[in-house]
Amino acid sequence: MTHEAQNGVLIGATRKSFTVSDLARRLGAAIEGPDSIVVDGLNALDLAGPTDISFIGSDSYAARWVESKAVAAAVTLGVEVPGHDAAHRALLRVPNADLALAELLTLFAPVVAPATPGIHPDATIDPTALIDPTATIGARVTVGAGTQIGARTILETGVNIAEDVVVGDDCTIRAGVVIRERCVLGHRVSIHPNSVIGSDGFGYRPDGRGGMQKLVHIGIVEIHDDVEIGACSTIDRAKFGKTVIGAHTKIDNLVQIGHNVRIGRCCVLASQTGLAGTVVLEDYCQLGAKAGVADHRHVGKGARIAAMTGISKDVEAGAELVGAPAADRRQFWLMQAALRKLPELIKTVARLEHENRRRDADSSSK
Amino acid sequence: MTHEAQNGVLIGATRKSFTVSDLARRLGAAIEGPDSIVVDGLNALDLAGPTDISFIGSDSYAARWVESKAVAAAVTLGVEVPGHDAAHRALLRVPNADLALAELLTLFAPVVAPATPGIHPDATIDPTALIDPTATIGARVTVGAGTQIGARTILETGVNIAEDVVVGDDCTIRAGVVIRERCVLGHRVSIHPNSVIGSDGFGYRPDGRGGMQKLVHIGIVEIHDDVEIGACSTIDRAKFGKTVIGAHTKIDNLVQIGHNVRIGRCCVLASQTGLAGTVVLEDYCQLGAKAGVADHRHVGKGARIAAMTGISKDVEAGAELVGAPAADRRQFWLMQAALRKLPELIKTVARLEHENRRRDADSSSK
Amino acid sequence: MTHEAQNGVLIGATRKSFTVSDLARRLGAAIEGPDSIVVDGLNALDLAGPTDISFIGSDSYAARWVESKAVAAAVTLGVEVPGHDAAHRALLRVPNADLALAELLTLFAPVVAPATPGIHPDATIDPTALIDPTATIGARVTVGAGTQIGARTILETGVNIAEDVVVGDDCTIRAGVVIRERCVLGHRVSIHPNSVIGSDGFGYRPDGRGGMQKLVHIGIVEIHDDVEIGACSTIDRAKFGKTVIGAHTKIDNLVQIGHNVRIGRCCVLASQTGLAGTVVLEDYCQLGAKAGVADHRHVGKGARIAAMTGISKDVEAGAELVGAPAADRRQFWLMQAALRKLPELIKTVARLEHENRRRDADSSSK
């Protein structure tokens, strides 16, 4: 059974199938086994069924091949696969099984019906908005005054875009996303469901009467080309000027980006990370899950910050930091190893002290 | 004043009332005090008003009874309650006050009007979707092609379900939830507002031109019977195969579950926890708030992981872990106690060293 | 180009402009430089363009004035600004540049069209709901039976408010927010997109058959006047009684507030913080990003809890705590400094031990 797509979303309950020789040709692989085997899915070695292809990138995975039900596997050249039965199963030798995985995922992806450009009758589009005729606007979408939506961009059901926003070409804005006024998105930007772009930054000052006065946030969020943002993430607008997400940067789910943050190109922020106000990340930084950076800190190019690390000082380019408070990765693990010895060390020092006292007593009694 | 319910949601501004003898009968309790007192609510000892019942499960709570305004309390058998005035207030003796609380919450819950099955005229249902006639579909719900909605299931206002999804019987999917294509939910699954099921996993590889190429995620999310998922949580679809949430598992708000995670039965994940890609939790694991597990880690049956703990290695069944990096609970607190003594220890060692130098000087001068 | 606003949201693509003498008059500032310069925006020193005003609150910022392109700056009295060219650029001397910033943000904020009171034809309002005629109800809003919406309150597109809710006057409830049944909001409450108020608390007990039974949550959430809540935050309803957010408290994005929490006045909770069930925060507490407080803990008035701190014990009024597990701020940094010396200390102790062994050997051989 196949279905027509809504808003260009993936459909296709049908699995695709390929022969091993088909796959080998597409991957540029040499075959060890029957080339006529039909494969209709892919999975990990331990989860694969008898019509699936799997992946072997190292000796430890190769050791599981005998017990796997998979009928084929992409194997990195040079990895020995013990117990392979070439009469009934096929190995496809490739330079790199991980890269082959990426190709196979694309091959086996369910059929996508092309989006049907146009504006759903149940969308609310301000008459001054400029919607490219090739864009696809789903049901219950709101687009505010003066907002521009680019070519082939898809706004899924229930997306809410405020006034004077610019969304570039070939963007995918998924269900429930809210983009507030005057934010600017480049081309090929993808935002997953229920994220919020352009919410007010978090800034107050005492109002002198025991309460707090809100700082007006008049800036915007600017998202460059090829950025992807996960589900339920929040990117605050700048107090003034702009919060910037650089080209090709990838942001996971439940991430918080504060006001006036500036992120460079090709950064990777794993889920539940948080950047406080006015943080700068230079290009190619990587932050593990739940990492945090304090306000106004500057993180140099290519820094790698481990999961759950807390950054409260500027970080040099290329640094690798771990822990809260953060330390150089090597130093962090040295300290942790030392900490494990600390309870014993305390006893040792007590004994040394006792021995010294005893010596003092001995020598004074002589 | 009572109102008709929308979508079977709780209504009922009216408080219910019961006599102490009513309550005692339902709880199987012995009464110490007047049995005709009327109770119309329940609350903690310090917050209860003069028509409320409260709870006493230990001596420390019992000590607060005299000052509480509550007119009655469920008390665990054997707990002595000093100063109880049995002429004016009632104690209900039960085997376990905590379990009695669960029963009383159900008793005092506001009246729920039964859901009115049917499809709201302002919902958008694909003609190929199969909606059970006993299901209740709210306003502004979208249901995609080929999707199945089970008996007595409620989709609240603004729920967005994509193509080829299966939702079982007796599920409650609350406002603003997004479920993406081909995900499968069992029976009695409850999902709270604005959560996202089936968002793409977070996976890229360098594209060789300075950018990053997205890995297509062709897998799904499979949620088994009796699972509850909180508000604003995100569960990513598998790269291939499926992300699995086992039966009876309970997931709190703002939780991130990565692609290809496999969670067993009856696990409990408190708010803001995060599981990276391909993590396995066996049955009966418990994770405290803000805990995190690194990708590909395996957590054995019944492991208990404290709040804010970071797991970067496999965890044995039944282990109790605390801290980031995680340590055995007992060892963690030993290390923390030792750490508190460390500044003093450094001084002690310096003194010992000084004494040794002095001794060396003394002996060489002899 | 200006546009009509939807729901009173900011519009205004036009920048406003002021002369330096205008600004000086409004700020009560003395001018050092030409008073006729026209300023049409504001930004940080390094990002400002040639028609922007910027801010100098300290010597380190003053040192950057020469290289800034800003044409004017608000400068705290007494801060010396080296290299200032008063022929072409203007300094505005104010008592406090930070406070001047707040004023300037308000001055330069884009024009807001007044909200157009009334109910959008595409909203779904229960006939028993009481909507003040001055309120503005956007498209695709749902308001349940018995719910009251106050004067001048704005419900943006897609807001979902259940039954028997009370929303006070002058509130702004932004797109996609869900407020569940019987919750009560005061006046001037602001809630940012996709947050959830009144979701069920997280409470279960073993059902005796290998599964878990959900505790019914019959309480509510009560939010007092002048509270602001960020985007994608979740505030759980009480098990019984109420979860309370005190007046003037400010809560950032992605924050979790558990059932039965009681927060006092003027607290500040930065993003991704979490309070477990039944926590009490007294007035004026401040929690840094990603901080967490364990269930039933009591945090005294004015406590300051650093980012990523984990509170597992009660906290005294005015305490300053850092770390997980939390320690007094001064003690925490002493311990961290000591920890950095620990690997070396272990070597020192080993040497001392070796020396003692040698001495013992020496003395026994004598």
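Chains here go by letter, A, B and C, matching the order in which they are written, and residues are numbered from 1 within each.
The working rule: contacts are C-beta pairs under 8 Å (C-beta built on N, C-alpha and C of every residue); 3 or more make two chains touch, one makes a residue touch a chain.
Note that the structure is a prediction, hence the values are computed from the model and not measured.
Q: Between copies chain A and chain B, what's the superposition rotation on C-alpha atoms, in steps of 5 degrees?
A: 120
Q: For the copies chain A and chain C, give the interface type as same if over half of its residue numbers appear on both sides, and as different if under half do.
A: Interface between chain A and chain C is built from largely different residues.
Q: I'd like the Å distance between the centres of chain A and chain C, where a centre is the mean of that chain's Cα atoms.
A: Each chain reduced to its C-alpha mean, chain A and chain C end up 25 Å apart.
Q: What positions in chain B touch 2 or more of the other chains?
A: Residue numbers touching two or more other chains: 140, 158, 176, 194, 232, 254, 272, 290, 324, 339, 342, 345, 349, 352, 356, 359.
Q: Touching chain C in the complex: which residues of chain A?
A: Of all residues in chain A, those touching chain C are 124, 126, 128, 140, 142, 144-146, 158, 160, 162-164, 176, 178, 180-182, 194-196, 199-200, 202, 204-205, 210-218, 232-234, 236, 239-241, 254, 256, 258, 260, 272, 274, 276, 278, 290, 292, 294, 310, 312, 324-325, 327, 331, 334-335, 337-339, 341-342, 345, 348-349, 352, 355-356, 359.
Q: Hey, which residues of chain A end up touching chain B in the complex?
A: Going by the criterion above, the answer is residues 1, 3-6, 9-13, 41-44, 47, 98-99, 101-102, 105-106, 108-110, 122, 139-140, 156-158, 174-176, 192-194, 226, 228, 230-232, 247-248, 250, 252-254, 265-266, 268, 270-272, 289-290, 307-308, 323-324, 336, 339-340, 342-343, 345-346, 349, 352-353, 356, 359.
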